[in-house]
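All chains are identified by letter, namely A, B, C and D, in their written order; residue positions are counted from 1 within each chain.
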Amino acid sequence: MFFLQLALSGLAQGAIYALVALSMCVVYRATTVVNFGHGDLVMAGAFVVYLLVVLAGLPFPASAIAAVALLFILGALIEIGLIERIKAGPHIGFALMCIAVGYLLRGAARAVWGREVLPMPRVFDFPPVMLGELVVTADALVIFSAVGVLLMLFFGLFYRTSAGRIMQAVCQSERGAALVGINVRAFHGVMWGVGAAMGAIGGVLVAPLTLLHPGLGAGFLIKGFAAMTLGGFGSLGGAVAGGLLLGVAEQWVGGYVSTKLIDITAYLVIILVLALRPSGLFGQAVAERV
Amino acid sequence: MKPFVHLLRPCIAIVAYALATTASAADTAGITDTAIKIGVMAPLTGSGSSYSKAEIGLDAYYKWVNDQGGVNGRKIETVLEDYACDSTKGIAAVKKLIHQDKVFMLHGNSCSAVAMAIKPVVLEAGIPWVIAHAANGAISSPATKNIFHGVPVGKTMGLAMGRFVMTKPGVAKVAVIQHTDDWAKSYCGPAMEFLASQSIKPVVEVALERGQTDATAQTLRIKQANPDFVIACLYEAETAIFLKDAKKFGLNAPVMGTAGTDLENTLKRVGDLDTVANYFVPHMYADNLDGPRLKRFVDILKKYYPSESVTAFSLISMGGGAAVVEALKRSGRDLSREKFIAELDKTRDFDTGVLAGRITWTAADRDGVKEVGIAGFVSGKPTVLKAWGQRL
Amino acid sequence: MAALLQLAGVNVQFAGLQALSNVDLSARGGEIKALIGPNGAGKTTLFNAISGYVPIAAGSISLNGSAIHGLAPHAIAARGVRRTFQNGGLFPELTGLENVLAGLHARIDASFAGILFGTRASRAAERDAVARARRLLDGLGVSHLADVQVNTMSGGQQRTIEIVRAVAAEPPLLLLDEPAVGLAPPVRAQLVELIRRLAGETGIAVLLIEHAIDLVMAAADVIAVFNGGAKIAEGPPAAIRTDPAVLEAYLGHA
Amino acid sequence: MNGQTPQHALAHRALGTRVFYAAPLLALVIPLFANPYTQFIVNLTLVYVLVTVGFNLVLGNLGQLAFANTALFGIGAYTAAILMAHAGWPFWAAIPPAGAAGAAAGFLASVTALRGIRNYYLAIVTLAFGELLRWSYIHGEALSGGTDGLTVRHADFFGIALESETARFYVFLLIVTVIVKAVSNLMRSKIGRAIVAIRDNELATASLAIPTGRYIVLAFTLSGFVVGIAGSLFAVLIGQVIPESFGLIELILHFAMVLVGGLGSLFGSVLGALALTALPEFFRPFPGLYEMFFGGLLIVFLLIQPRGLSALCAKRWPALRDRYYRER
């Protein structure tokens, strides 16, 4: 029972990691830029939903959707306004631009709520469901269903619809896509928007669970990296699988080995995977062309 | 380097001269006819920014003292410096306050590690420093010439927590869950030392990292050990998560928290009374946060910082502020650091009005507040307890 | 004179694609051999195989009689092989002089400690290298490019700097991969003159990949024709011009 | 004029080197005018000069996106603190081991780079490596003092007691000048050329008989050595070494200094360290807004001056442009 309970909580936790990793992977696949400030977008999503629920008094579902929309716009603006403008600069500049944007978001949240630790009102208040001895909490159920629906939506859109095919085309070769008349710049903006929106959904799902403080996002960045690396950098399915695996691994390590190791499970995963199998579980090795 | 050889002699002269001169701070620095400058260091940014509510409360208190006519005809001018819970910024801030702003005294600091880093700088300058919030007792003891603790130190809290746990009949197995940082250690450390002196070793010690949104592994390991009492040195967010998971997995042992959380806000975060029914915290205040005896201080805070929400950290430094103002008054018009330190050392059983314990400072003991109460929910209302199941 | 470079039965495969099949080739000091053929005939792959960037599936490559296939690119270069790259092999952020000095890397004998402490010997070695590099640039009339960053130079200027860098260390074997691309006609003539001078005066063996037939006919002593990864003909320019197999490959009929 | 340097260029260059030697000598007078606060900021700048010079070797010169700098900084600080606090070594004796520890960690990072783990992969694995180290500081109670860390007292440098900021300044100035001069010597030689050539075109570099693997290892190890020594100075300057100081926030500061100063420019490293150590002190009048200002400043810099302050100065005074060769 202990084993299954840990796995169950691990999956709930892993679902959030999967969502964050997938949103980072979408941005990477579409624009070859890894968003080192992504954790703060998750935090921004949580704060926006708090603002709408507590200050504006909107019901949770409405404010959740509004928050995701706002973050979509923010993500697109970041790409078009900032990332696109430094395309000519040194390649390393992208990483710092993402970090700077994240730091600016954290600073802005700090300036307004620096001293507050904000509680979100309880949203899903039905008691936990008992599966035999296994306890499935309301929050876990919500996260599972939300992430599940999202993944089906995303992969359906990505592989089934024409918009999805455009996305795949640009992911494979930007120049090729541009040649056939796809507006690559707008596409990058859209994909950053999608990434930011999905990150915000992660924030929205986590908000009721934990308390909101500007430093909320930092942890998610490293967990997202570990999930992407485990699943194979750049592989969308891999990011999801990696996230779920990481969540479960953390709980098992905590349950069976030592709770002190939970914190560094992500780091160990990154180092082990890159040492043993750099392309991760589902990724392809990056061939260096002469 | 040939062209520079003839410059060698003057260089050595400059270096020797510079090494000889040492900066000395005047005994009456920071005092003018109309003002007393007090340096307040607060972690406004960085990971510990929620602690800075203590220094904001203190600043409000000093502004209120000024509106009541100040001290012996002088207004208190506070200089707020942000050090983001980082030692490098902390040393820069304290050196700026001492040597550039030339403040009369320091009253601040929430982060123990940074307080320990700036301690030698303060000792060397000989400037009076009343610690506003940091709990690590090693900052002010063994007693030094100019450092005073304005809040109960971790040792006092830890002992109160340990003693209260022992008052539960038949307690034998105790579990500990804590963060792996110095804040948590300053509470859990002394508590476990006291329990060890009563020959009780923790049956299980579990770590929960800051920012975690799930404590399943920790809760299940504690539940396996089936303890009589759980000591939880966690911040507000993680405390709420742990209590929710404990209820979820049927761990119904009582939980002893720290002064970093308060009953009212924890109840609000957890959402239902049943989850916090068995949750206890050291209670430093003379009353509940929304109780009548603290109303005066809450109003002071609201007057100068209207948008500030009241939590366990908000009023904690006002006690030290009251003691400082008292000593400043006794020091009279021709104020000096020497005189002020001597007056501080005469503080005996001073009732600050906001803290439950009274402040006593002597040349040999600078811990300040010795007694700390314990509070828990009794029939749904936060009440101060003398022992397990006994109201004060 | 024995062949400086000898390729025997060299095969190269890229995931099933037979890039080079059973190629025999040689290069002699003082001789300019041009390699021509349609795109994808395996010419650049041949250069990559010789300089160690691509492993060979079968056969052998030897320089001065000892095998070099399987060695790391820098080890092969250390034995006296220098090359240029089809899409430019210069260091964009560095200046013309710094690029040429990089070509002289192996010939500057200054130890780590010598450089660290700035000993007289290491400074002398550096000073000589800089003077030599400036002389080489001057020799080709590009001394004005010494302090110019490569990414601000024109295509032609970059070509010239890359060649100066390649010949700086006086390599016995020089592999030129389409050096004339993007050069104005007068500059191309200068290039031909330079290649002839290098082979004639300094006895360098030159292998030249080039599409411009006029340049090939003017510069090459021998022409080897490639198609589909195989060498289909080799001989003096006059013979190649009328060789049926070449016409077949190029024009699709005899 | 057969290959000799044009005369005006030589004279021009002499100005560059004279500026380089004059700076440390002029700095000698700073303690006469600085109070302990400003002197502490100057000392901190000297520490960050070494941090930035070291980080630039890998980030700017070798062009590898390695996020290991705070890990190297931390290892150097902890090595020195452990030797001084536990084993009672004097400060001057603890400096080389701190450098060696940093160099060893740098070597480890270079091995991962050699295995083909590059750009984003390398950033993530070095980031994980740094966080793993920080975790070990927290949990390695016996050696590292856990969360309370280690206190570093009574540092003595060949008999000079480093108690006052002024004493620390002169010792730090000496160490920093020597190391920056050594790095300058190395960069303005065939070693420096090999490293920047690898950044610009690693494949072409190999074609010039340059063993690229060896120089990648050298660049990382050298970077670790310099940053490790910066760690030992940091331990003495702050008098305390705690895990909290070597987290992600510190990495952002190192990264910003390199980029604001100028990627790959030694002169830029000094400028970047100076700019971003002094600048936060000007944010003090707006307590609580430092993070927002800092993030905003970085964005503005990336948009307007991505090549950094050194490129700005080089445009104005060409003599200050970074060179990778010597003529005198």
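Convention: a contact is a pair of C-beta atoms (placed from the backbone, for glycine too) under 8 Å apart; a residue touches a chain by one contact, two chains touch by 3 or more.
Bear in mind the structure is a predicted one, so any value in this text is a computation, not a measurement.
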| task | Would you mind checking which chain's C-alpha centre is most distant from the centre of chain C? | result | B
| query | What chain lies closest to the overall centre, CA atoms only? | reply | D
| note | Note: chain B sits from chain A at a C-alpha centroid distance in Å of 36
| remark: dist(centroid_CA(chain A), centroid_CA(chain C)) in Å evaluates to 49
| How many angstrom between the C-alpha centroids of chain C and chain B? | 73
| remark: Going by residue number, chain D touches two or more other chains at 139, 203, 288, 290-291
| field | Touching two or more other chains - residues of chain C | value | 53
| task | Send over the residues of chain B in touch with two or more other chains. | result | 44-45, 47, 49, 180
| task | Could you pull out which chain C residues touch chain D in their complex? | result | 51, 53, 72-75, 77-78, 82-83, 85, 89-94, 97-98, 101-106, 108, 110, 112, 115-118, 122-123, 126-127, 129-132, 134-138, 143, 147, 165, 169
| remark: Interface with chain C, chain D side, in the complex: residues 1-5, 9, 182, 185-186, 189-191, 193-194, 196-197, 199-201, 203-212, 264, 323-328
| task | Name, in rising order, each residue of chain D that touches chain A in their complex. | result | 59, 63, 65, 112, 115-117, 119-121, 123-125, 127-129, 131-132, 135, 139, 203, 248, 252, 255-256, 259, 263, 288-296, 298-299, 302-303, 306-307
| field | Of all residues in chain A, those that touch chain D in their complex | value | 28, 34, 36, 82, 85-86, 89-93, 95-97, 99-108, 110-111, 114, 218, 222, 225-226, 229, 233, 260, 263-264, 266-268, 270-271, 274-275, 278, 288, 290
| said: Quick check: in the complex, which residue numbers of chain B touch chain D? | reply: 1, 4, 7, 11, 14-15, 17-19, 21-23, 42, 44-47, 49, 80-82, 84-89, 91-93, 95-96, 98-100, 113, 116-117, 120, 180-182, 185
